[in-house]
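Note that the chains are named A, B, C, D, E and F in the order they appear, and that numbering of residues resets to 1 at the start of each chain.
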Amino acid sequence: MELTHFDSSGNARMVDVSEKNITHRVAIACGKILIDKLAFDALTHNTVKKGDVLTVATTAGVMGIKKNSELIPMCHNISITHASITWDVNDCALPDGRYEIACMSKVECDGKTGVEMEALTGVSIALLTVYDMLKAIDKKMIIKDIYLKEKDGGKSGHIENIV
Amino acid sequence: MELTHFDSSGNARMVDVSEKNITHRVAIACGKILIDKLAFDALTHNTVKKGDVLTVATTAGVMGIKKNSELIPMCHNISITHASITWDVNDCALPDGRYEIACMSKVECDGKTGVEMEALTGVSIALLTVYDMLKAIDKKMIIKDIYLKEKDGGKSGHIENIV
Amino acid sequence: MELTHFDSSGNARMVDVSEKNITHRVAIACGKILIDKLAFDALTHNTVKKGDVLTVATTAGVMGIKKNSELIPMCHNISITHASITWDVNDCALPDGRYEIACMSKVECDGKTGVEMEALTGVSIALLTVYDMLKAIDKKMIIKDIYLKEKDGGKSGHIENIV
Amino acid sequence: MELTHFDSSGNARMVDVSEKNITHRVAIACGKILIDKLAFDALTHNTVKKGDVLTVATTAGVMGIKKNSELIPMCHNISITHASITWDVNDCALPDGRYEIACMSKVECDGKTGVEMEALTGVSIALLTVYDMLKAIDKKMIIKDIYLKEKDGGKSGHIENIV
Amino acid sequence: MELTHFDSSGNARMVDVSEKNITHRVAIACGKILIDKLAFDALTHNTVKKGDVLTVATTAGVMGIKKNSELIPMCHNISITHASITWDVNDCALPDGRYEIACMSKVECDGKTGVEMEALTGVSIALLTVYDMLKAIDKKMIIKDIYLKEKDGGKSGHIENIV
Amino acid sequence: MELTHFDSSGNARMVDVSEKNITHRVAIACGKILIDKLAFDALTHNTVKKGDVLTVATTAGVMGIKKNSELIPMCHNISITHASITWDVNDCALPDGRYEIACMSKVECDGKTGVEMEALTGVSIALLTVYDMLKAIDKKMIIKDIYLKEKDGGKSGHIENIV
């Protein structure tokens, strides 16, 4: 099977999408971070204050979505029509005592190429920002399960993944 | 427990490191991506050619390390003295038939603050780049287990994590 | 009244403009900087030379216009069709002996969302650049009255502000 | 009086600071935005929610501080040791019915050149972000009085400005 | 003859392309670097390994193409539909014993303005990257003959240059 | 001979400079662009106006110097203490009727690694900017002979090249 990001001589390239159709495209990506109880308490206690961890991380995630084509070498730069980051903070600890903060990124555009990398990069940057803001408390956090949940528009049509 | 990235009124901020000592600091972060057999074959077959997936991803990872303070809002901008991305490609499939590509990032500096976020961001961008270059083949890839493996220098001394 | 940059759960987001029409959009923003006589003399004397303050500031302003969506978190990245920075240097001192350097930025695009933030950011960066280049002479400069002077295109039609 | 940002032939340049001493440097800059009652209500009502305007603007301001040398052509790139954005939201309307949101930026470094431009750029970007997030409600906002409030370190010693 | 990048008062500006037609546009640029025998041996010996100089340089070139409008002040930011960097490594030494590594960049878009600067910037960054990676070996390398080889689309139609 | 930008397994990396000494480092790079008579007249006629081609190009060049480590993948990010771009515009045409605009970039830092790439990138971006601003007039320009003229500081001491 051919890698579309290389030409026949093996040179890396941005795929030529000139001939593709402009369609409305949507991508939703997910990921999560596991944090300990102290970090969880700081995170949730903090949300009632003026500044809070998840708003900073949401901001970073949305900016990361827009920075995607600067970070991932062969991605096209795309005019995005919508970008959002949402969170699911579960109050119940996992069996090992850790808490799971889930992040979801949704990106839309009208273009010739999809926005799944934008969504995946957005989730990654948002989760890394949570990590940064809690790392003074918990030094054993882990970011897990970053994947494409849903995708629509373009040649491959609707795709939905379950992890 | 206090969140160091907020002041007493709850405003987000970059932590004041003016009074900290300049020490040599090292951070090593890890992560992995799971890919199917077709993607694995394309990846490994491709490495004998002039252009290859892992070199592009390594390049993106090193550039991502340097971009860290632009991406993670409260991170300090730091003069990095060393940055590398290395890979561990396992030829044996997992029980579910997937293959695991592991990535490791090592970053060093002489400064007043650590480089763990640089290392974690480097791994994330490198793995996202692998995702991008294989996504035409495998639409169910998943990025997993991004964490800080080792850290040295600064107040908290040597830290080592096992996942 | 609702803030369009937040969803119903309070998450910050880029507004969804997917359904909006593509129209030609224009925005004009203004601002000014007050400088003392020594700084004014250096600025105006300098304009006959090869390198001059206002050309550097114009260049920075045009580049700032293009960087807008990287700086303002919830702004869309837009393909701009025209960007300019112009200046009005008044030879008459104000009653307090200061001189006023006025800056105007005009930005145009064909898109689904307006360019007022681009114009406002352009003026801000251009004025900050003047500040930077004169700050060795005048340490009491002040940037004032950055506002949207005119806007056209899109749902809200023609808008004109007077300060 | 000479402009330090030009050489004797009139070429723009970054001032040579190689011979300057490394000292601890602090700069504090201020600015404000005037908004109408509807915008003020939306801003203050919103602060009790998870996502809020001033946290997004604080995040943008801190990131803007770090981006300063990319925006202002002749500024040095500096390793910043501390950066913060704080706000003063006044509940009393001005005589014209508008409300004043004041912003203050504090930046520190140990270096050969000051951080006043970083502080001024931080305030500007933070205020522009407030503008962006309220512009759907109030189309007549104005950003005013961006200036250097205080500066310490380096050859010119302690400077304090009053507007 | 008028410089389109200045208005009638001499202010630099991005040319107004609002009224131009959207057409498919292609640009091809070339350039080369001359290196000594030791550097040539290192470059060509290295290409059979996992990481190689030309893949890193290709990656940098493609990313440079996308960064063009951030680097060249009056260039429009454009959604690129295709970008590639290819190489021509000549095994025969020149009469002075040096070897010539030629680089070609091809860029395409559907837009109101051409992509020749994108192609020229891509070649420049790719060649500078080769320089960087070989400079520990050869301290006398030289980059030569960066020019626009071919251009298509837009008002001026097909253009082809020979050097 | 070994390529320092790759480890023993062939992974690209930023060279580890942790153990190197901090010394004052200087690099001077040169390059030129050949333009036809019409372009030359526009360039030189324009220099007496408020906005001029070479000031815009100087500004772009200085900003390009600071952007070097973002563009060239394996370059260290360095705090630069001085950066300048100067020009040599020769009034005499070459035998083929073209005119030569020479550009020189000088960069200094106190650090563990040299600034030759910063100087070379600065010259390249400055010359590309001249190209951009004259390309409506002359479609056959060529950028030539970008090389390191002089270098000082660090292990290899003083180096001087002649082309």
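Going forward, a contact is a pair of C-beta atoms (placed from the backbone, for glycine too) under 8 Å apart; a residue touches a chain by one contact, two chains touch by 3 or more.
Just so it is clear, the model here is predicted, and its values are computed rather than measured.
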{"item": "Labels of chains that are neighbours to chain B and to chain E", "value": "A, F"}
{"item": "Neighbouring chains common to chain B and chain F, by label", "value": "D, E"}
{"item": "Identity of the chain that, by mean CA position, is farthest from chain B", "value": "C"}
{"item": "Chain pair, C-F or A-E, that carries the greater number of C-beta contacts", "value": "A-E"}
{"item": "Copy pair chain C, chain E: interface residue numbering same or different (half cut)", "value": "different"}
{"item": "Label of the chain whose CA centroid is most distant from the centroid of chain A", "value": "F"}
{"item": "Geometric centre distance via CA averages, chain D-chain A, whole Å", "value": "30"}
{"item": "Inter-chain centre distance, chain E versus chain F - centres from mean C-alpha coordinates, in Å", "value": "15"}
{"item": "Whole-Å gap between the CA centroids of chain B and chain D", "value": "32"}
{"item": "For chain E, residues that touch 2 or more chains besides their own", "value": "9, 11-12, 50-52, 55-56, 58-60, 63, 67, 70, 73-74, 77, 79"}
{"item": "All chain pairs that touch each other", "value": "A-B, A-C, A-D, A-E, B-D, B-E, B-F, C-D, C-E, C-F, D-F, E-F"}
{"item": "Chain D residues within the chain C interface of the complex", "value": "1-6, 9-12, 31, 38, 41-42, 46, 49-53, 56, 59-60, 63-64, 67, 70-75, 116-117, 120-121, 124-125, 128-129, 131-137, 139-148, 151, 156, 159, 161, 163"}
{"item": "Residue ranges of chain C touching chain F (in the complex, touch as defined)", "value": "47-48, 50-52, 54-56, 58-60, 63"}
{"item": "Residue ranges of chain D in contact with chain F within the complex", "value": "7, 9, 11-18, 69-70, 73-74, 76-79, 111-112"}
{"item": "In the complex with chain F, residue positions of chain B that touch it", "value": "24, 55, 58-59, 62-63, 66-67, 77, 79-87, 108, 110"}
